[in-house]
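Each of the next two complexes has chain A plus one more chain, namely chain B in the first and chain C in the second.
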Partner chain A sequence: MQWKSATLCGVMSLLPGVHLPAVYAKQYVSVEEVKNIFFHGELLQKVAISIPPHIQTLIRKESGVRQPLKGTDVWRSAEGSWLIVDEVVGKHEMITYAVGIDSAGAIKGIEVMQYNESYGGQIRERKWLAQFTGKKVDNRLRLNEDILNITGATLSAKHVTDGVRRVMILYREYLKGYQG
Partner chain B sequence: MGLREKKFRGVLLNSALIGASLFSMNTHAGEGYFGWVYGLDLQPMGKYEFEQRLQLTRGQETGTFDFWQGRTELEYGLSNDVQIAGYLNTYSINAARNYTNPDICDQGISPCTGGYGVQGLQHHADTFHQTSFDGVSIEGIWRITNPVTSPIGVGLYLEPTIGNLKNAIESRLILQSNFLDDRLQLVGNLVYEIEHLKFDVEPIEETVLDFVGGVTYRILPKLNIGMEYRFHNDYDGFSFGNQTQKAHFIGPNIHYAEKNWWLTAAMRTQIGGECWDPGTAECSMGKVWDGHGRNEYILKFGMPF
Partner chain C sequence: MTRSQVLLGTYVEVSIGGLVENAAQRDFHQEICTVVFNEMAKVQRLMSIFDSGSDITKINKIVPQSRSILQKVHPWTFEVLSIAKKMCELTGGVFDCAVGTCSSKTGSHEFKHGSILDLGLDEKDHVRLHQPIDLDLGGIAKGYAVDRGIEILKCFGITQAGINAGGDLRIFGHASQAIFIQEFGCEPAIFYLGDLQDGAIATSSNRVGSRFRKCRQSMLIDPKSGKEVRSHSRFSVVAPTCVVADGLTKALAIEQNIHADYFKQLRAIPVITA
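And now, the complex of A and B:
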C-alpha cells in the first residue's frame, strides 16, 4: 500500500479551522555520506533492479516484513560491494536506513538515515548498529536472538532488524548473482 | 449554558491548560489508540504523559440525559513494562424526564427523572443537574509480554477509585496481537470491577464483568481508524450469583498522532440490552439505562514528555 500523507494533509487543510503543522522529517545522513562511511571513496554506481515477484514473495515470507521492498535505491561497486537504501514502518512514519554489504556478503555497516519518530531514537546509537557488522545472511538477524533489543524502542529496533534481514535475503536471492 | 455547566467546562479547560503549561514538548509512547479499550503501548521507563479525557453518555428512553465525565491523568513509566498513573475525576449530570419505567416513576408521574447519579428523592423533579469534582483514581499496568515481539501481548491492569459517585476497584486482563508490521492491532480486555455506588441514600454494591475489544489500523502515517465493541454485564452484590443487566455497544474510533501530541475520538452506540430483577427498573425498549445511554462519545488528548 502506498501511503499518501501529503494528499491527506492537503485534504484536511481544506477543512475550516484545520491548520496542520509542517511534516516533521529528520534526515541524519545522506546517501553520499553513507557511501563515504561504508566504502571510503570506493566508486559506486546506481543499479536499476527489478525484483521478480517470486523473490518478493520469498523475502516477505522469510523476513515477515509486509511493506514491499522497492529496490529503487541500490548501488554496486566494481569489487562487488553493495549499498541498499530501504525503509520500514516506524511507530508513526517510515524509517529510512542503509545497509552496506561487502564483496564477501558480510554487512559492512548500517545507518539510520531518516527517523521521524519522537522517541526510540536509540536505534541510531553506534553500539546497537554495530551488532549487525560482519553478519551474513546465514545469521539469524532477529531481535532478542543475535540482535539485542533496545528497551523503550522495541518497535523501531524490531522493524529495522527485520528490514536488514530482508535486505540480506535480497542479496542472497538476487544481488549476489546479479549480472546486469 | 447553565452556570453549573459553565463551571464544569471551566474546570476541564483549566485542567487542560494547566497540563499544557506544566509540561514540555518532547514525546514518547503510551498512546491510546482506542476510546475505551486499553492496549499495551506503555510509557518507557522514566517518561511521563499528560492525558485529558472527556466522555459524554447521551440519551436514554426519553427526555434528556447527558452524563459528562472528565478525567485528567498523569502517566509515568516505572519501568519499560510497568506504568503507573493518577487521575482527577470530574462529572456533570443533566437529566430531565428521561425514565418511564413504573418502578422508578412510582407515583403516577411519567416520564420521571432518573439514571446514574440521580438520587431517588429527585425522581419526580422536572430536572436534575449536578456538576462536581468526583474523586481520584490510581492505575497500574504490568506488561507481561510485548505484542511487538510476542504473538500475543499480555498485560494486567488495576485501578482503584474513590469518588463521590462510587468507590470501585477495576481490573483488566489485556490481550493484544499486532499484524501487518504492527499497523494492525487487535486488542481485547476482560474487565472485572467491584463497585460501591454512593450517590443515593442507600448504597448499592455491584460487580461488573465486561469484555471490550477492538481493532485499529494505521491507514496513513500518523492516522489510525478502527472499531470497538463492549459486552457489558452487571451483577448484584460482589458475586456473579444474580445478574441484573447485560448490554452490547459498538462504534468507530479514529486516532491521530503528531510528534508532540495525539488525539483519539470514538463513539459507541447501544445495540441492545436486557435486565433482570432487581435491575429491571433500569431497562426499557430493549436497552439498559442507569449509567448507560443510547450513545457514548469520548475524546482523549495525550501529550507525552
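And now, the complex of A and C:
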C-alpha cells in the first residue's frame, strides 16, 4: 500500500478553488452492453408502448416517484423477457438504469448505465487540481470521460430502488399481459 | 471498463483497467464484474440488518435468558465479526458496531448498552451470546464486500482494478491513482485528497443527512458515551483493506486523534479534512 497525501500532515484544509458550472457524468454501459450482460445475445425487439394514464397514476402512487415513466426504451424477446431502460431524477442528480426481467417475471438484473451529477457551479477546475497532481493529471482526470475514485460519506441509492419498484409495477400491470 | 449496480444501499462501481482488445475480452470483463457483484450481494444477504434472513438479523433477535446461546453463522459473517471485535479491542471500544443501530433503526439516538466484546467467538463459525445485542455491521460489511470483490478480480488474473462502494473504495495494480473526496455541504464539490496505490480508503462524515444541507442530526455516535459526534470535518482512513479503512474512520471521527496507536497497528493512515 502506498499513499501520497495532498498535504504533508494528517489534517488538511481544503483550499478554495475556481468555480466552474459543470455536470459530472459517469457513463458506465450502453444499451447494447446491457442487452449482452442480461440476455447473452438473445434477440430483443424494441417495443413501442403507451402507458395508460390510470397505470401511470398507480405507478406514481405505489412507487412514490413523481416524474412520469416514459416507457420509450423497452425491449422484449420472443421468449417473453423484458429490458426496460428508465431514468430517475433527484435534486441534483439524474440516473439512467436498466432492469432486465425474465419470462417468469423475475428480475434478471439491475444495472446503472449513467450517473449525472450537477455540482451547481462548484466543481473545482482541472487546472486547480493540476497543481497537486502535476503532469499526470491530463491522463488520469478527464471530467465527463473517466470514472473518478471518489471517497466520501455514503451516497444513498434510494432513487434507483424506487425506480426499480415502479418498473416492476409497470411489468405487473401492463407488460406481463402485453399482447403486442 | 466500469460497471455499476445498486448494492448495500449504495452505488457500487467495479472498474477493470487496461485496454480492451476485442469483444471477447470485453465480454469476459463484463462477466467478471457480474461475478464480483454477485459476491458482494452475498455479503449483503448475510450481513444486512435490513434483510430479515441475514445472520446479523438472526443474532439481533436472540434474547438469551438464564444461559448463553450459541448461534451458527456463515464463515464470512464470522470473519467480519472477528475483525470487528479485534478493532473494538484495539481502539479501546471507540469502534463498536454493537451500538450503530441506534439511529438507523429507530431514527432516534436512543442509546442501548451492549458491545461486540460481549460476543463469544471461540468456536469456529459460531457466536455465543450472553445478553441481547444490537449489531449493525453497516460500513464494515460494505468494506468487507469490497475486499471480497477485489479477491475475485485477482483470482481472474486482473492486474489493475478498483471497486468503489459508495465511497468505500479499494484499488490494486502497479499504477497509483488520484483519490478525490466528495463534499456534501453547502457547496457540493470534489477535492483532490492524494494518490493511492494498492490500498483502500473510506470516509465518515456527518454531512449526509441532506445532500446539500448540513446535517441537522449527527450520524456518528460515540459508543462509550452514547453522545453524538459534533463535527463537520471529514474523517478518512487509508488502509491495506477496505474493512479496516471503514472501521477506523469511526474511531477517527470519534477520537479525532491522528496519532492513535491503532492506526500504526493496523497499518492505516488517518486523514482529517476540515
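The rule is short, and it goes like this: the second predicted complex is superposed on the first by the 115 of 180 C-alpha atoms of A that agree within 3 Å, B and C clash if a C-alpha of one lies under 4 Å from a C-alpha of the other, contacts with A are read in each partner's own complex, and residues count from 1 in each chain.
Following the convention adopted for this analysis, a residue touches a chain if its C-beta (ideal position, glycine included) is under 8 Å from a C-beta of that chain, and two chains touch if they have at least 3 such contacts.
In this text the structure is predicted, and so the values were computed from the model without any measurement.
**Q** Pick one for A:Val65: touches chain B only (first), chain C only (second), both, or neither.
**A** Once the two structures are laid over each other on A, A:Val65 reaches chain B alone.
**Q** Touch test for A:Val89: chain B only (first), chain C only (second), both, or neither?
**A** After superposition on chain A, A:Val89 lies in contact with chain B alone.
**Q** Look at A:Val112 in the shared chain and tell me whether it touches chain B only, chain C only, both, or neither; answer first, second, both or neither.
**A** second
**Q** Check whether A:Leu155 is in contact with chain B, with chain C, with both or with neither, and answer first, second, both or neither.
**A** A:Leu155: touches chain B and chain C.
**Q** Give one of first, second, both or neither to describe whether A:Ile101 is in contact with chain B, with chain C, with both, or with none.
**A** In the superposed model, A:Ile101 contacts neither chain B nor chain C.
**Q** Go through the superposed model and pick first if A:Leu44 touches only chain B, second if only chain C, both, or neither.
**A** In the superposition, A:Leu44 touches no partner, neither chain B nor chain C.
**Q** Of the two partners chain B and chain C, indicate the one touching more residues belonging to chain A.
**A** Larger number of chain A residues touched: C.
**Q** Output the chain A positions appearing in both contact lists, the one against chain B and the one against chain C.
**A** 3-5, 24, 91-92, 119, 149, 151-155
**Q** Please give the residue numbers of chain B that touch chain A in the complex, ascending.
**A** For chain B paired with chain A, touching residues are 26-29, 44-45, 47, 77, 80, 146, 148-149, 180-183, 220-223, 257-260, 304.
**Q** Going by the contact rule set out above, which residues of chain A touch chain C in the complex?
**A** 1-6, 10-14, 17, 24, 26, 28-29, 33, 36-37, 90-92, 97, 109-112, 115, 119-120, 122-124, 129, 132-133, 136-137, 140-141, 147-157, 160-161, 164
**Q** Under the stated contact criterion, what part of chain A meets chain B in this complex?
**A** 3-5, 8, 21, 24, 65-67, 88-89, 91-94, 116, 118-119, 143-144, 149, 151-155, 158-159
**Q** Name, in rising order, each residue of chain C that touches chain A in their complex.
**A** Touch list, chain C to chain A: 1-6, 9-11, 13, 15, 27, 30, 34, 139, 142, 162, 164, 166-169, 171, 176-184, 187-199, 201-208, 211-212, 219, 234, 236, 238-240, 258, 267, 269-274.
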